[in-house]
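Scrolling down, you'll hit the structures one after another.
Shared between the two complexes below is chain A, which has chain B as its partner in the first and chain C in the second.
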Partner chain A sequence: MQTISAVFTYTFKEHVRHKAWLSSALFGFILLGGALVISALGADERPRLMLDLGLAGIEAITLVSIVFLTVNLILQEIESRAIYLILTHPVRRSDYLLGRFLGTLAAAALGMAIMAALHLVLLGLYGWWEPGRYLAALLCTLGKAGVMGSLALLLSLALTSEAAAMAFSVFFWMLGHFSSEMRFLADRSGSAFIKTAIVAFSHAAPDFAHFNYRDFWHATAPGAQWLMWAGVYAVAYAGACLALSVQLFEQKEF
Partner chain B sequence: MKYRALAVAAVLFAVSLAAGTAMRALYEPRFPPLAELQGGAFAFQDASLAAAGFRAPAADLAWIQLLQYAAGSLPEYVDAPGKGYEHLAKLSLRVARLDPSFNRAVLFGAGILAWFHGVDRPDEAAELLRDGMRMSPDQKLYPLYIAALAYKKKGDSDRMIALLESSFDQPETPSTMKAILANLRQSRGELKEALVLWIRILENERDASEHGRARAKIVELRAALRGRQGKKQVDGRKHQ
Partner chain C sequence: MNAISFQKVSKIYRRSHLGKTTETVGLDGLELDIPEGEVFGLLGLNGSGKTTAIKLLMGLHLPTKGEVETLGRRAPDVEVLARIGYAPEAAYLNKTLTGRENLRLFAALSRIPRGNLEKRVEEMLDRVGLAHAADKRLSEYSKGMLQRASLAQALVHDPELVILDEPVTGLDPLAIKEVRTLILWLKSKGRTVLFSSHDISEVERVCDRIGILSGGRLVKLMSQNEWRGKSDVIETAFATAVKRTDGVGPIRME
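Up next, the complex of A and B:
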């Protein structure tokens, strides 16, 4: 636990001091400013536009930064050979990987929290104030970021190429939003084999379509029980990807 | 021992499958499939945003483009001469297909098609409302507008206006529809009622887009009412 905590602190500080993290946070602020300007064109629907575009901006920046950071998390250390130095210490590989991942997720969460605070202030100025539901939407975005980050880490270790890992991460991101479409296709399919294959694939891919709380709340938003299951899903899916990453990392020979 | 992490991954994946099933059983988003998204000039914009999981923001952008079209400044959709608002129903439906909870887009489109001065296409408005109702069956204003359209077709303007006014303070009622109602009252010579409606528009923060027009209309209607009162007084004196 002490090792995980030490690696976590070191990774968190490393990311927060990194130019990429700072520029993504800055870009997030620019997107929030953009949401403020664009929403002015929405006439009666200004608060809705500010809310949707702001949350979408926060999610986009968080996802881009977490994919970029996790893909490079281990690969860069392998390339620079810094990993040899770390692994000569009595550090278990699983602890190291977990500490690195959690530190990265915490840095992404901090960026999200800063952007969300500014967004809430802007929304408050326009008379919108529902912090409970806003927090639920942010938690769902963080869940998505956690799943995506762990998947990107697994892909980076499996493919050992930054470009390929990023491309596949984007592919899984898109696929995750097609889970309802895949089930729709399965329903329409006449062949039992194709139907089973599509359903199995839709369950294996991350289900992001059911995670878009920010897209649901204009209709009847899901309740607390749903949020609990969504949390279990995100933690379990990210945990499964991390366990696979540990398996790959432990088998690597340095 | 060698494959302990693999076993942990399998267990966690099974947990995620169970949690995903429970999550889907508790709530199924009511978005039309991507195949139902409209083609046309903005097909790529809509498909890419929806595929990336940004359906609500995609609907918001479509709403802005709908407003631009209604204001006559959307170069991708220009009306043929003599065919005002010919793409309005299509663009309103585009918003609702991206996000069915964006009821205001359908109500806005139907309101203009049915009651806007010089448009008068109630059948197209009814079709649009029926499409909206199919996607968002819980929205109570769709059947209300369809009923108001039926009164319009029967020529029963009193009941039509009374029905539409009953939804005046509903948050989904578009500001444009409120302005149309106030203008309908004015065109029937009911200046006092029209004035009251414009005042209600001015007092509602959500109708900020109509506040400029409301201020001008209030001044105009107050002057007209004063003129009418003055005329009545003159007529009264004449009779005495």
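Up next, the complex of A and C:
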């Protein structure tokens, strides 16, 4: 536990000092630009549009940040050889990977919290204040970030190329939004082989439908059970990706 | 008891590119025992296998053939690393951390109990002369200061076995003298020291025994009584024993 905590702390500090939080400034500009456009619209539509724009901005910036950070997470340590000194201490490779991953996720969560605070201030000015629903939306984005981060980490270790890992991560991110369509395609397929392949692929790719709070966002807030299952899915998917990453990482020589 | 034991160890690097596999011999049947409390110097040209031997000891590489043992345990063994200190040829440290944070990280990774950690970190910073610069980031350190920070992380947990990969390469004469003093201090405390070097005069001054590597093979093993009080013994043995394996011919200026 002391090892994971030590790796977690230095990873978190590293991201903060590499100015990962600058993504929040980008978000501020998006909000300001959005507010200018929205101010031209009818008063009753403004809070809803500001809410949707802000949440979409937080999600996009968080996902881009986490993919970028996790793809470089181990490869840069290998390139700078800083990994030599870590792994020549009594550190299990699984502990190292877990600490690095959790530290990165915490840095992404910090960025999300800063963006959310800015967003909530602006929403407050528009008269919108529903922190429970807002928190549910943020948890869903964090779940997606955890899933994408673990997948990007696995791809970076499997492909050992930052560019290829990033490209595949974006591909899987897009695919993750079409899981039900893929299963529909599999049902319609005449070939048993193609059907099995598509179903297997749709299960291997992340299924972001589990985090789609927008399905009922404007009607009722997502229930605790729905959120719990989203959490279970995120932990299970990220856990599987991390387990595979450990398997790959154990084989590596430096 | 032996602190280090190489038992017919070979390491072959295989690289595949476009379906073509090339093999490079890192070590070829190395047999070497280093008893506890000895200061042992590994001499050799670039590419002779010194760093490969050290990486095998530290678990960064796995042997292709044979067995490596450190402190009576077969390498790689994560637990035994808590009793070994290692400083690589350059200070591969995370430059975003301060000197104190860096040492705190390695103290935690070396499993120094939390209650004792801060005291040990302060003591070590003082010992290596970095107390005044402890809160500066490593990115602001000079090469000499980084080398000290690297030595500090290797010694913070008071290891039984210290492995130094080319510790005097690129250092100024004053820093070389300090490293020599450090090795002799470790020897006086009964620690086992293995270090690799190109510098014959340094090896001559501090080692109990030396081994000369060439092309991954141990071509000469000498003990102190063979060179004490005589001049150029090691240099002559070195020139006779080694062969260039990097394809570079001698310089001819006549």
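One rule holds in what follows: the second predicted complex is superposed on the first by the 215 of 254 C-alpha atoms of A that agree within 3 Å, B and C clash if a C-alpha of one lies under 4 Å from a C-alpha of the other, contacts with A are read in each partner's own complex, and residues count from 1 in each chain.
Criterion: a residue touches a chain if its C-beta (ideal position, glycine included) is under 8 Å from a C-beta of that chain, and two chains touch if they have at least 3 such contacts.
Source: prediction; values computed, not measured.
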Can A:F27 be said to touch chain B (first), chain C (second), both, or neither?
neither
Considering only touches as defined above, state whether A:F68 meets chain B (first), chain C (second), both or neither.
neither
When the two structures are overlaid on chain A, which partner does A:W128 contact: first (chain B), second (chain C), both, or neither?
neither
Partner with the higher number of touched chain A residues, chain C or chain B
B
Examine A:I86 and indicate which partner it touches, taking first as chain B and second as chain C; both and neither are also allowed.
second
Quick one: classify A:K13 as touching chain B (first), chain C (second), both or neither.
second
Quick one: in the complex, what on chain B touches chain A?
3, 5-6, 8-10, 12-13, 15-17, 19-20, 22-24, 26-27, 29-31, 33-35, 50-57, 59-61, 63-64, 67-68, 99-102, 104, 136, 138, 174-175, 205-209
Provide the residue numbers of chain A that touch chain B in the complex, in ascending order.
38, 41-46, 48-49, 52-53, 56, 59-60, 94, 127, 173-174, 176-178, 180-181, 184, 203, 207-210, 212, 214-216, 218-220, 222-223, 225-226, 229-230, 232-233, 236-237, 239-241, 243-244, 246-247, 250
Can you list the chain C residues touching chain A in their complex?
55, 58-62, 78-82, 84, 86, 88, 90, 92-94, 96-97, 101, 105-106, 108-111, 114, 150, 153
With touch defined as at the start, can you tell me which chain A residues reach chain C in the complex?
2-3, 5-7, 9-10, 13-14, 17-18, 80-92, 253-254
